[in-house]
């Protein structure tokens, strides 16, 4: 696999991915091996400011939480699409710019619709 | 427990030689204890007047951050040092013991101020617990009412010395069968029952002093 | 501000048949008429005692006493001390929380520490001690738990 | 068959019961609120206290003398120990009608106003801490507090627990360089206040989070016995320094700031304005302080031999304008050296009665800010 061959570039990406994944996983695995484990019923009880928990936490919470999270996910994905475009913005010329503006307009329309249905207000 | 010097098999002369050429030699224990000693995260847990002095220690003038202990964690899950700063009343004791139980294993307790050591000036009160060491093991007793911020820093240094001298094999939380659970007392009609935790606290026997 | 003696005459003319006694500068009111007199003191524009500063329960061994300190915020007038007495066993005193909201916590504390039951209080529970505590610690005859008692100086 | 899209019934949601318990970063000590939440808005809020009930009143009755419970008053409101001593000394002086010499009166006023500066600065620091500016404003506040605590330490021997007042005067006279140092602090304090105000008062987040939050109407404030900056923020001009004119407050010219709406922003701004008024009082007090006795002859006898100090039979109620509100001591003496009944009317305890009324309908995050604006200290709440 000569340095200029096609796969070589992906090798770099592979190593980078490997390190990225090992950063979170390594401490977790290390902690699971090395950390002392002395569970007891009081320790594993849920912590609520020092007192026993009253009432159960599996309640029907308001639907607004769910809708708010949904709105966030939509616009988070939108940002992910903008990143690669922003990186190669210079080389791609005017056409890619117009295409991105159309993409943003469609999503902006969705935001206006949500705004009018006042999903964003928190009653 | 006397703070034994950090016994490492490498002799000092060789160590200082290598250090000159930039090579640092230490035992795994030395590294392990140095890591834990320099990053103790105290539990954000102020009871009374000593809490204000603890915050003053965390502030700019006395700066507990120089010892790595500046990050006060509100939740016991991420704390490894509980500074009991203030009067522990009988109504608060179950909460304190439950918080201590909920802290992950290498955990230490500093009883800051005379109140948490032995009830302090409020000892004769009907609602005051005569010292938190009746229910949980305490590592450093820090007298004073309130102890000055420098005294709290001194207490923290004493705790760091204690951590330095711990051997990995002999630490309690690594022993196999050891039960590290401290039962939470309940509220009785008169006070707390049980009045103290037998395997942590032995009341002094009132010896009759015969004169002459 | 009118002196306590004038207030005493004024109340006696307003509520015939009540025996008020004057102790020093404080007014002792029988507990039966206490809530009407309290409303009277608060609402008449001439007194307008709209600020109840402090409620204290005191145990005088033969009887229990509740001491009220009343001020007028509009007229910025000084304290009128009112004492209401009740026996030790039943210890019932009409509550003034509907009249002055500031009495809500203080009456609960007086109930908790001295054991005076306030009839008509929205939720009379213990405020400082835990629910299961069986005694009223500020009573003179309260004996502390064995391990709590101060060590006898020899 | 026509198909009508009915208004879908709002999904049936249950209430979540949460306890903002004794160990919580923003309850200013061990104070617990049992909150019932519908989503984020508060439906019911029950304060639970007593976690720091240290039996101050029972201990005072078993103490050997009146003076013996003076150091205990430091631990009542442990941020402003000088004003606690002031209130207790005033109550006993009213009980035993002792005279206090001129110089002692001036030094008492200076100490009380310095404590007010400390308390209000700390309050703004902790209020911003509750608002989310974690610990930066507290660092500024504690930097100023350290300077004033150095003064207390020189004069009274201890930073926080001063135990400096005696019945009829003070324990000891101030050091010679005390007055110049107080002048130094006063000259620099307005600059610090301007810096604080420039940072905070026009800050959009603070204004958005504090305005129209926890509004306290005037009538409810008066009927609930709320006193201090909270009461004046709701528009009631009631300051015990002006109403009672105790000690020698009538000699000083200072204004009492009044708020309009009584929301959290008014209460925050009230403390800033009160600090400027305290600086004015301190300024006048330093210029006019006379020489002379620091404790009256009768008081000195009592201070030196506290066990023989027997006030006459009877009862007395002395109150002062503590930084948090009206702090009163009700003492019943039966002629012996021990008080028969010793009751502390603490301002934080009574200011909490309307905590639920202010928090209903707000979000859970606003309840934390409202509690922060009430400025409670648990030593005084639970006594």
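Going by the order they are written in, the chains are A, B, C and D; count residues from 1 in each one.
Criterion: a residue touches a chain if its C-beta (ideal position, glycine included) is under 8 Å from a C-beta of that chain, and two chains touch if they have at least 3 such contacts.
All values derive from a computational prediction rather than experimental measurement.
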* Structure fact -> More Cb-Cb contact pairs, comparing A-D against C-D, go to C-D
* Farthest-lying chain, centroid of Cα atoms versus that of subunit B -> C
* subunit A and subunit D: spacing of chain centres that average the CA atoms, whole Å -> 46
* Averaged-CA centre spacing for the pair subunit D and subunit C, given as whole angstrom -> 25
* To do: Between subunit A and subunit C, tell me the centre distance in angstrom, where each centre is the average of that chain's C-alpha atoms.
  => 61
* To do: Report, in whole Å, the distance between the mean C-alpha point of subunit B and the mean C-alpha point of subunit D.
  => 32
* In subunit D, which residues are in touch with two or more of the other chains? -> 21-24, 50, 53, 55, 58, 62
* Structure fact -> Among all residues of subunit C, those touching at least two other chains are 128-130, 137, 150
* Indicate the residues of subunit A shared as contacts by at least two other chains. => 49-51
* What graph shape do the protein chains here make by touch: line, ring, star, complete or other? -> other
* Asked: What part of subunit D is in contact with subunit A in the complex they form?
  -> 11-24, 32, 34, 38-41, 363
* Structure fact -> Within their complex, subunit D touches subunit B through residues 21-25, 29-30, 50-56, 58-59, 62, 71-72, 75, 78-79, 135, 138-139, 142-143, 145-146, 159-161, 378-379
* Touch list for subunit A against partner subunit B, complex -> 35-38, 40-43, 45, 47, 49-51
* Contact residues on subunit D for subunit C in the complex? -> 49-50, 53, 55, 57-58, 62, 220, 222-226, 236, 238, 243-244, 314-315, 317, 319, 326, 328, 330, 332, 340-341, 343, 345, 349-350, 352-354, 382-383
* Which part of subunit B faces subunit C closely enough to touch in the complex? -> 90-91, 123-128, 130, 187-191, 195
